[in-house]
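Per-chain residue numbering starts at 1, and chain names A, B, C and D are given in the order in which the chains are listed.
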Amino acid sequence: MSPASRYTYLGPEGTFTEAALRTLPEAATRELLPMVSVPAALDAVRAGEAAAALVPIENSVEGGVTATLDELAGGEPLMIYREVLLPIAFALLVRPGMALESVKTVTGHPVAQPQVRNWLAATLPDAQWESAASNADGARLVQEGRYDAAFAGEFAAAPYGLEPLVTDIHDAQNATTRFVLVGRPARPAARTGADKTSVVMWLREDHPGALLELLHEFASRGVSMMRIESRPTGEGIGRYCFSVDCEGHVSDRRVGDVLMGLKRACQKVRFLGSYPRADEVRPTLNPGTTDEEFVAAADWLTRCLDGRA
Amino acid sequence: MSPASRYTYLGPEGTFTEAALRTLPEAATRELLPMVSVPAALDAVRAGEAAAALVPIENSVEGGVTATLDELAGGEPLMIYREVLLPIAFALLVRPGMALESVKTVTGHPVAQPQVRNWLAATLPDAQWESAASNADGARLVQEGRYDAAFAGEFAAAPYGLEPLVTDIHDAQNATTRFVLVGRPARPAARTGADKTSVVMWLREDHPGALLELLHEFASRGVSMMRIESRPTGEGIGRYCFSVDCEGHVSDRRVGDVLMGLKRACQKVRFLGSYPRADEVRPTLNPGTTDEEFVAAADWLTRCLDGRA
Amino acid sequence: MSPASRYTYLGPEGTFTEAALRTLPEAATRELLPMVSVPAALDAVRAGEAAAALVPIENSVEGGVTATLDELAGGEPLMIYREVLLPIAFALLVRPGMALESVKTVTGHPVAQPQVRNWLAATLPDAQWESAASNADGARLVQEGRYDAAFAGEFAAAPYGLEPLVTDIHDAQNATTRFVLVGRPARPAARTGADKTSVVMWLREDHPGALLELLHEFASRGVSMMRIESRPTGEGIGRYCFSVDCEGHVSDRRVGDVLMGLKRACQKVRFLGSYPRADEVRPTLNPGTTDEEFVAAADWLTRCLDGRA
Amino acid sequence: MSPASRYTYLGPEGTFTEAALRTLPEAATRELLPMVSVPAALDAVRAGEAAAALVPIENSVEGGVTATLDELAGGEPLMIYREVLLPIAFALLVRPGMALESVKTVTGHPVAQPQVRNWLAATLPDAQWESAASNADGARLVQEGRYDAAFAGEFAAAPYGLEPLVTDIHDAQNATTRFVLVGRPARPAARTGADKTSVVMWLREDHPGALLELLHEFASRGVSMMRIESRPTGEGIGRYCFSVDCEGHVSDRRVGDVLMGLKRACQKVRFLGSYPRADEVRPTLNPGTTDEEFVAAADWLTRCLDGRA
């Protein structure tokens, strides 16, 4: 297939990322290519070898989050066109015939461990945990006989010839991972009225209050921040950039006004796209922040300048 | 003369307001009409009977300040086109021949009293003070023989046949009154680079923080407020509007952006004009607030919308 | 009577201030002494010649407001122990027998004029206004035959042998003036649960945001500001102090915490007292701002320091 | 040895965490116990099986950061007593005799990959990367012959019988990882004047501005935030807590005041300790934020309450 019909994702096969990707209707007609890491998945897009990449960005069970944030913040610009929310539950995968009481060694990605820890302590208190490079890799190691069982998505059983002995394991209720579909920069996804916008911003100076001022740019237009994460810039401990999701679409006036404010207030700001919210929640707007009020304010300013206010 | 060549001012003749008005070059070719009060001076402008009115707005020695603020906030809209700063010093005016030691009774506007109190206590500790309706009215009452001496501007001596017995009396150093030249709404005065903009704003709601949010509109664009005064709205104790002067001209992008923010955030906002600062001080702009940076931010937003950021 | 039983007030007799003073129960047993000006009334207290002074502080019809603010901000410290709200309505006072249609000249304090202007334009469109030094002084001038009618409180008729021809004149609905009873510094009035606290604060530096930071001290503890007024400091145009009333009593933890914050953040702050609100309205507290929560936070900090958090 | 002399750390042997731990003088006299994961290292402390644990908290090359943040935010309380900064540079470890040009397959922790990617692309463009569960585990896999080379700390060579073929590999300049020494809650580390304080805070409500208000608690006392990270609370996408480091010690008044403000403003706040800054930088205090000024403000409030202000 041509690069235009190829989607990469954080592999190997059998990861939650693949499961998330398969929830997209267009995945059925695309070549889905597992990559060894988030950077590799995104580099394929940058290089034109794939049209888009699906990578975890939040609450991942496979460790991709900070890699994703850092890749989107640095290097050749990329943009987010879509988000996917996937409820996370683990299955305990074993070779066919293995009984629960025979499981002495278990494996899985290190990030999965805290999510199954309580279950493991209650159910298999004597089982020994060793980490694998990914949940799917853990499955492979079970297949090879190195461990008795692996925590992974239930969908990882078949590819590795395993059986899900127990399913729906997750210490936290409502565990969900958020994935984003990333492509090369182009016109943002169309406005739906229930949208989200992502940016990365670098503070101009490091004084007590610099971050505060940026948050004011959002708050003063009534634009809710939905996620904020600090990431080291690589210029040394204590130097950060901030990765932010806010509600709204870049073509909403309130959001556009926030973005212009950030552009002026930041040392640097990178627009990562506007795209439909997976939860389809529409915002409640504060007084003074509708498109109509922005237009009315601009009209009024023109009248002030013309002596007709 | 026609109304177009007539300027009103807070009278009677011989007030500091008249002295301030005469510092304007065009005053030489205008009919200068003293009015009984600030509202009367401004109503003549509203009615088309005068082209403009000069009234005190700040630190007045004649009590016009709150009347001026309230008149500009309410009624038919008016606009400020100019400001005048006048150093304030009083003269002790007496009938010719009167000696300082013979002065037993003194008069003046009640607002003048705190400005000469220390001098009076030191120089004429036994003199009795009675208030007059204006400083000039005090001069008239001395002329009529009702009091021995009046505090007024030195320029008020001649019109009332008095002599300045002592001059340059002012308890506070650097006492200055600020006057504004007010006309009907039209195109603002041209931008000079050392400008001031005046607005009145009414809070949308009365919560702990509503005023704070408005002040943020200024601070977040690095626009310094030079004066803020609360005034009762007339809707009962505890209901206020805020009269504000800030640096900059409505055609400066940072100021226009503040005004649009106020327009959206306020229940009501009234633009009172942009005009040259009498002190000719040019602002130091914060990073991110130059016209160039505002234009660059708008360009960048357009590129974001077009997929070219 | 002794100074301890003497109250001064902004005179002359027959002013609204006297009417406000007479609403206080203890006024019946005090010597009430009219003074020529707000500074004079307050200086008598400072000098120990009177126990307290009643002066207008807000929305005055007699011009005392800024004088009061400036006197409380400067000079020997004074404190507010009580506030009085007086609905303001004017009567048109005439000599007995004068008919409304015969009134050709009217007088009153300049500050009264905007409050009766509409009524005057509608009822006596041809009457000529001239200002008097006070509303009561206007009554005296009518008594002397200099004007046909004076605007003053109805209570000013009898002392000057006049008759109220029309009563209850006030352009604005709910016109009210607020007066404060001022004494020498001592323990504040007892907490009632519906209290008000007054301070004057001088900004440490004049940067865009200095005032903002002070307002945050209030907002961050959920303490509502009920009045804020800027006043020139006398150090030149553009130098202000801020006179603020907020809800609550200095012994309320949230208010005490605000005051300590102001003390640290301001160049100077002057505590003007805590006293019962005349409107007896009790505040609705924000989450996190009750006395109990302040105490709990202090306890928690102690536990953190002790390793028991 | 007894649990009191045992330190756990994020293992296996040969990780950067072990290298960081060995920089602590007391490490020489402690039993150092590698654990399979950050949760395991911390649980040993909670269970009383170890006195303390060293775990990466920031910019880790081994993926421990979010696990560390989540472990400190939830479960039985723990406290930070010390931080260690370790410059991060990788070595390419091979079996003795292996030449650079023979390296076809390389491994390492997924988090290490972005930190050596550029070097790898330039030096070994054809080498194939596969992820290992940790950098040390990668070394072990090279020892077993599964891969030709592993990226790990130079110190990991000896334990696995490998040789560092290339050293000092790091794409970013100044790459540093920050580790913290964590123990059960007790009295914080003594104040040094160059300290850091860590807290986790949960917002009371999810409105545009809730985070802003918390940041104000820091900014209004001039306390610089040095790190802020949002972490999902586990109650679903969009619900966060914030992990913050700020300068100063809990016994500094400005910091104590911030903490009390957070305690009142947050739904929940967890104190994670005050400890010496590894960089030994002392803060520059803002006007109004010294211990002396806090004490003076408290004294002044007492005088206000007593009528002696």
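Quick notes on this one:
Just so it is clear, a residue touches a chain if its C-beta (ideal position, glycine included) is under 8 Å from a C-beta of that chain, and two chains touch if they have at least 3 such contacts.
The structure presented is a predicted model; accordingly, all values stated were derived computationally and were not measured.
Steps from subunit B to subunit D, taking the shortest chain of touch contacts, total 2.
As for how the two copies subunit B and subunit C face one another, over half of their interface residue numbers coincide.
Distance between subunit C and subunit D, defined via averaged C-alpha coordinates, is recorded as 57 Å. Mean C-alpha position of subunit B lies 23 Å from that of subunit C. Per-chain Cα centroids separate subunit A from subunit C by 58 Å. Residues of subunit A in contact with two or more other chains: 216. By the document's touch criterion, interfaces exist between A-B, A-D, B-C, C-D.
Those residues of subunit C that touch subunit D in the complex are listed here as 77, 79, 185-188, 204, 213, 216-217, 220, 250-251, 256, 259-261, 263-265, 270-271, 287-289, 293-294, 296-298, 300-301, 304-309. Here subunit D touches subunit A in the complex through residues 36-37, 39-40, 58-59, 63, 65-67, 70-71, 85, 110-111, 113-114, 117, 129-134, 137, 172-176, 178, 206-209, 211-212, 215-216, 218-219, 222-230, 232, 234-238, 240, 279, 286, going by the rule given at the top.
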